[in-house]
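By letter and in written order, the chains are A, B, C, D, E and F; residue numbering begins at 1 in each of them.
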Amino acid sequence: ADLELLNERLESESQLREKIKEQVLELDKKSRVMLGHLNKVHSIPSSEVPNLLASVRPVLESTHSIHQTVSQLVPAHQFWRWKDMWTNGLRSFVFVAAFVQFLTDGTLLSLADTTAQLGIKDEWKDRFALPVEDYLHGLITLVNELSRLAVNSVTLGNFEEPLKISAFVKDIFSGFTMLNLKNDLLRRRFDSLKYDVKKIEEIVYDVSL
Amino acid sequence: ASIFDAFRAEIDDHNDRRERLIKASRDITNISKKTIFLLHRIALSPPRDGDAESPEVSASKKGRANLVQVRDMYAKLKDDIAGDRFWRYEGQVSPGLQEYIEALSFAHFLEHGTLITSEDVQRTLLGDDGQPASRLIFPLTVSDYLLGISDLTGELMRYAISSLSQRGGRTKAMSTLAFVRMCKGDFDGFTPQIRNLSKKQSVTTQSMKKIEDAVYAIVV
Amino acid sequence: ADLELLNERLESESQLREKIKEQVLELDKKSRVMLGHLNKVHSIPSSEVPNLLASVRPVLESTHSIHQTVSQLVPAHQFWRWKDMWTNGLRSFVFVAAFVQFLTDGTLLSLADTTAQLGIKDEWKDRFALPVEDYLHGLITLVNELSRLAVNSVTLGNFEEPLKISAFVKDIFSGFTMLNLKNDLLRRRFDSLKYDVKKIEEIVYDVSL
Amino acid sequence: ADLELLNERLESESQLREKIKEQVLELDKKSRVMLGHLNKVHSIPSSEVPNLLASVRPVLESTHSIHQTVSQLVPAHQFWRWKDMWTNGLRSFVFVAAFVQFLTDGTLLSLADTTAQLGIKDEWKDRFALPVEDYLHGLITLVNELSRLAVNSVTLGNFEEPLKISAFVKDIFSGFTMLNLKNDLLRRRFDSLKYDVKKIEEIVYDVSL
Amino acid sequence: ADLELLNERLESESQLREKIKEQVLELDKKSRVMLGHLNKVHSIPSSEVPNLLASVRPVLESTHSIHQTVSQLVPAHQFWRWKDMWTNGLRSFVFVAAFVQFLTDGTLLSLADTTAQLGIKDEWKDRFALPVEDYLHGLITLVNELSRLAVNSVTLGNFEEPLKISAFVKDIFSGFTMLNLKNDLLRRRFDSLKYDVKKIEEIVYDVSL
Amino acid sequence: ASIFDAFRAEIDDHNDRRERLIKASRDITNISKKTIFLLHRIALSPPRDGDAESPEVSASKKGRANLVQVRDMYAKLKDDIAGDRFWRYEGQVSPGLQEYIEALSFAHFLEHGTLITSEDVQRTLLGDDGQPASRLIFPLTVSDYLLGISDLTGELMRYAISSLSQRGGRTKAMSTLAFVRMCKGDFDGFTPQIRNLSKKQSVTTQSMKKIEDAVYAIVV
C-alpha cells in the first residue's frame, strides 16, 4: 500500500516533467527564432538595426505567457527542483534582452529590468524566477557576441561601433572582477572573458591607427 | 536444436552484409575525401587565358564526374540496402553517405554558389533506369543531408581563407561567408531533432568566426 | 523551400515518435504487470502455478491490439527505423511467453509460435516483426530466470523441477553454441549463460545425492 | 550598483553554503558512527543484536536537532536548491532506520515512519523533507546489506535468518517491480537488486539441503 | 590508541587548514581589489597613472600582516605542505608588485625586491616564502598584461609606451629561454609568451610607420 | 638576464631531485611487491616437522629482512627529502612509501596478527644512529599510513582464500576476516579527511565480502 502511494507520486512527477518539457520546447523554439534574427546584426548596416530589433521584441514578449504557464505548473516551493529544465533557454533570453538593449541605446540592462522584460513576476518566486547566476551567464554570452560584432562592424565600414563596444565591455568586465565567484562554470566563463576584452581592444587599436 | 540452424544462416547473412556495407562506406569516404581535395586544388588554381570556364566551374564538373563512382557503388549494393534494410544498416551506411554529400555539395556550391537541395542529392541516388521515386536506391534522410552539409562549412572556411590571398579573393570570401552564415542560421532550427547536429553547428560557428576574422584582417 | 520541406518531414516524424511512445508506455506497463505476476512463481507450490499462468495469459493477449496499433503507425518498410523504441518491451514479452510455455508443458516455444502468441502478423513484416535477435534475447532471460527457479523449487521441496530445467536449458545452450555471434550484447549475454548452466548442474548434483 | 547588489547575494549564498556544510559534516559523522556500529551485526550472535540496536537508536535520534538546524538555515522555498548537500547522509539514515526496524521486528519501515524516525517535520517541507527517491535508495542499500547478512548469519550458525531475510527482500523486490522508474541511478540500482535476491535465494537453498 | 592519535593529528591539521583558509580569503579579497584598480590603467591617460598606483600600494602593503599571520600558523618545515592554499593569491601579488614597479620606473622587480614588497621575511623560509616558480608565474602574467597595455596605450595616443614595453618584455623573454622548464604549467604559459612578444613587436612596427 | 642564471640552477636542481625521487620510488615499489610475493609464498607453505617457528613467523622475518633495503634507500636519499623538502616532493615519495607500508604491515600481521602502529612504521624510518624523533629521515603522514594499510586488505583477501584449502585454514581465514572487518570499520571515520581513502575502502569492502563468501562456501 505504501509502495502504491509512492508509485502514484513517481507517476505524477513524471507527468509533470512531460508537461514542463512541452513548454520548454516552446521556449527553445522562440529562443532559436530570436537568435536567428539577431545573428543578422553581423551583416547588415546599422541603419537597419532598428527594424531588426523591432522583429525581435514581440517574440521576447511572447515568452511571458509561457513563463507564466511554467510558473503555474511548478508546484509551490519547487523552483529549484525543476529549474535545470529551462536554464539554457532562460540564459539565452537574458542574452537576447541585454543585446537588444545594448543595440537600442548602448546601456546595460539591470537584473531587475531583465526580469521585467522576460515577464517574470516577483510573486512566482518559489516557482519561477531569474537567479543571479543565470543573469550573469547571459551577460557573458553578450560579451562573447560583442567581440564578434566589433570584428564585423569594422568589416562593414562602421568604425564607431568597436569604441562603443569597448567601453561597454570594460564596464562589465570590471564589474565581474569584483565578484566573488565560486570555482564553477561561471568562473571559467568569466576567466575566458579576458580574451574577448583583449580582442575588442585590439580592434579599437586597429581602427585608431 | 534444429531451429537454431535457421537462425544460424540468418545471423551469418546479417554479419556478412554488415561487413560489406562497412567496407563500402570506407571506400565511399575515401573517394569523397579525394574529390574534396581535388575541388580545392582546381578551384583555387589561377584562371588561365582562353579557358572557357572559371576554375570553380571546371572544378565542379571534374568533381561531380568523380563522384559518379559513388553512385555506382550504391547501385551495386542495392540488394543490401533495399527497403527496410536501409534502416537496419543505417549506422553502417551513414558515415560514407555524409562524406559523399559533403563532396557533392561543395561541387554544387563552386558552380552555383548555392546550397544543393536534398532533392538534388536524392536525384544522384536513383537506380539504373534513372526513373524517380520508385527507383530510389535508398531514401535520403534529413539527418544525413543536414550532417553532410554541416561538414561542408569547414571546407568552405579553408576555401575562403585560401582565396583571400588571390585577386578578387575578398569578394569570394564575403560570398562564402554569407553562405556559411546562412547555413548556420538555417540549420539552428534543426538542432533539437537531429542528433549530433548541435556539435557540428559549433564547428560551423567556429569556421564562420575564422572567416570573419580573416576578412577583418584584410580590411584593416 | 527545400528546408521547409525537410522541416515538415521532421515534424511528422516527431509526431509519429510521440504516438509510438504512447503505445510503448502501455506495453511497458503490461510488461511490469506480467513480470510482477511471474515473479511469484519462485515462492508458490507447483500446484498454484496453473492459476498464476491463468492470470498472465490474458495480459499477454492484451498486447496484441497494441502491437497492431504500432504496426499501423509505422510506415511501410520502416520497421528497423523505429524498432529500438519497443525492443526492450518485446524482448520481455518473448521471455514471458516462453516462460509461460515452459511452466505449462515444459517445451520450448519456437520463434513462429512466439510470434503468434504475441499476435504479430506475418503481413506486417516490413512494419512490425519479431527479429531472431530479440527472440534469442528473450530465451537468455528465460535461462537466467530458470536457474533462479531451480534454486527456489528445491527450497520449496520440489526436487523434480531442477531435472526438468536442466534438460531444457542444455538444449537451448547447445543451440546457442551453433551460432556465430559477433562481439555484441547478445554474445556477452550468451557468454554469461555458462554460469547459469553450471549452477543448474550443481543443483541437479545436490538433489541426486 | 547593480553588480554590488549581486555580489552581496553571491556572498550571502556562499556563507550559507558554508553553514550548511558544517551541519552536513556533523550528519556525516553520525552516519559513520551508526554504520560502524551496525557493521558489527555481521559478526555477533543474534542474542547480542538488541544491545547493538540500543547503541544505535540514540545516535539516530540525535540527528533530529541537526535536521532542525538545517531546516532553519535553508531559506523558504529552497529545499531543492540545497538538498544535494545532504542527500548522501539522508539516504544512509534511511538505511539505518530501516535496518534497525528489520532487526527489531522483521518489518519494513514505511516512508512516513522513516520521516518520523529522522525527526523531519511536515511543516518544514519547503526547506527540509525526505523525498520518495531517497527513501527508495535507502531501501536498496538495505537489500544489499541483507544479502551480506544472509551469508554471515549462516557462517555464525544461524540458519533461520536467511529465511526471514528472503521473505522480506522478496516483498521489497516485487514492490519495486511495480514502480515506473526513470532511467536514472535508482533504476540501475534496482536492476542490480536481482543479484542480491538471487544470492539470498541460493543461500536459502543451501541451508534447506 | 594509535588510531586515536592519528585522529587527533588529522583534527588539528584540519583546524589549521580552516585558519589558513580564512587568511587566504582575505588575501583573495585584496587581490581582487588591486586587480580591479590596475585594470583601469588600460583606459586612463598616463598622467593619471601615479594616482592609480598610489591607491594600489597601501593595499599591497596591507598584505604584509596577513602573510605574517600565515607564517605564524604554518608549523616549522611545512611551507610546501600548505602553500597550494595561497599560491594563486601569491602569484597575483607578484604580478601586482611587478606591474606597479614597471609603471613607476620601467624596471623589472627582482625576486628579492618582490619578496620584500610582499613583506615576506627571510627568517620564515621554512614556513612562508616566495618560490622562484611563483615569481616566474607572476612575471608571465605581467607580460600578458603588458601586451594588452601596448595596444591600449596606442589607442589612447601614447606611442612611447609600446617601445618601453617591448624592450622590457624582450629582456624577460630572453631570461626565460635560459631556463630548462619541464613540461608543466609554467612551461605551457612560457610557450604562449611568444604570441605576446610578437603582438608587441607588431605594435612597435605599426607606430614606427 | 643575469638574475635568471640563479633561477636556472635552482630549477635544474629541482628537476634532478624530482627525477631521483621518482626513480627511487619505483625501486622501492618493486622491492615491496617482491616482498609481498615472498610473504604469501612462505606463509602458505606447509609447516615442516622440526621447524622451530611457524611458516607465518618465518615469512615475516624474511620479509622484514628484505625490507631493510628500503630503509637504506631512504637513508641514502635523506638530503633530498629532509625537512621541508619532504613536503615539496611528497607526490613523488608517496607511491613507493605506501607500497613499503603495505609490505611491512603484511609481515607484521603474519607474525603478530595485529595492525602495525604508525609509530612502528615510523620507527623503521630513522637515521643511521637509530635515535628517535630528531633523527627521522622524514615524517610519516597519516595519509600514507592509512592508504598503505588499505592496500593490505586486498592481499589479506588472497591470503585468507588461499589458506582455506589448507588444514586449519578456516580458523586462519576467520581471524583474517576479523582483521579486515576491523580495518574497514576503523578507517571509515578517516574517509572525509584522507583523499582517495574512500575508493580504497570500497576495495576493502569488496575484499571483505569475498572472504565472507569463501568462508560461507566452506561452511555449507
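Everything below uses one rule, namely that a residue touches a chain if its C-beta (ideal position, glycine included) is under 8 Å from a C-beta of that chain, and two chains touch if they have at least 3 such contacts.
As the structure is a prediction and not an experimental result, all values here were calculated from the model.
Counting hops only between chains that touch, chain C reaches chain E in a minimum of 3. Among the remaining chains, none touches chain A as well as chain E.
Greatest centre-to-centre distance from chain E is found for C, with centres as Cα means.
Spacing of chain A relative to chain F, judged by their CA centroids, is 55 angstrom. Averaged C-alpha coordinates give centres for chain A and chain D that are 40 Å from one another. Centre-to-centre, using mean CA coordinates, chain B is 52 Å away from chain E.
If you average the CA atoms of chain A and of chain C, the two centres end up 49 Å from each other.
Of all residues in chain B, those touching 2 or more other chains are 189, listed in ascending order.
Under the contact rule defined at the top, the touching pairs of chains are A-B, A-D, A-E, B-C, C-D, D-F, E-F.
Against chain B, in their complex, chain C makes its touches with residues 2-3, 5-7, 9-10, 13-14, 77-81, 110-111, 126, 132-133, 136, 171, 174-176, 178-182.
The touching residues of chain F, when paired with chain D in their complex, are 178, 181, 184-185, 188-189, 191-192, 209, 212-213, 215-216, 219-220.
Contact residues of chain C toward chain D in the complex are 28-29, 32, 35-36, 39-40, 42-43, 148, 151-152, 154-155, 203, 206.
The touching residues of chain A, when paired with chain E in their complex, are 170, 173-174, 177-178, 180, 198, 201-202, 204-205, 208-209. Partner chain E is touched in their complex by these residues of chain F: 1, 3-5, 7-8, 10-12, 15, 18, 83-85, 87-88, 90, 115, 117-119, 142, 145-146, 186, 189-190, 193-194.
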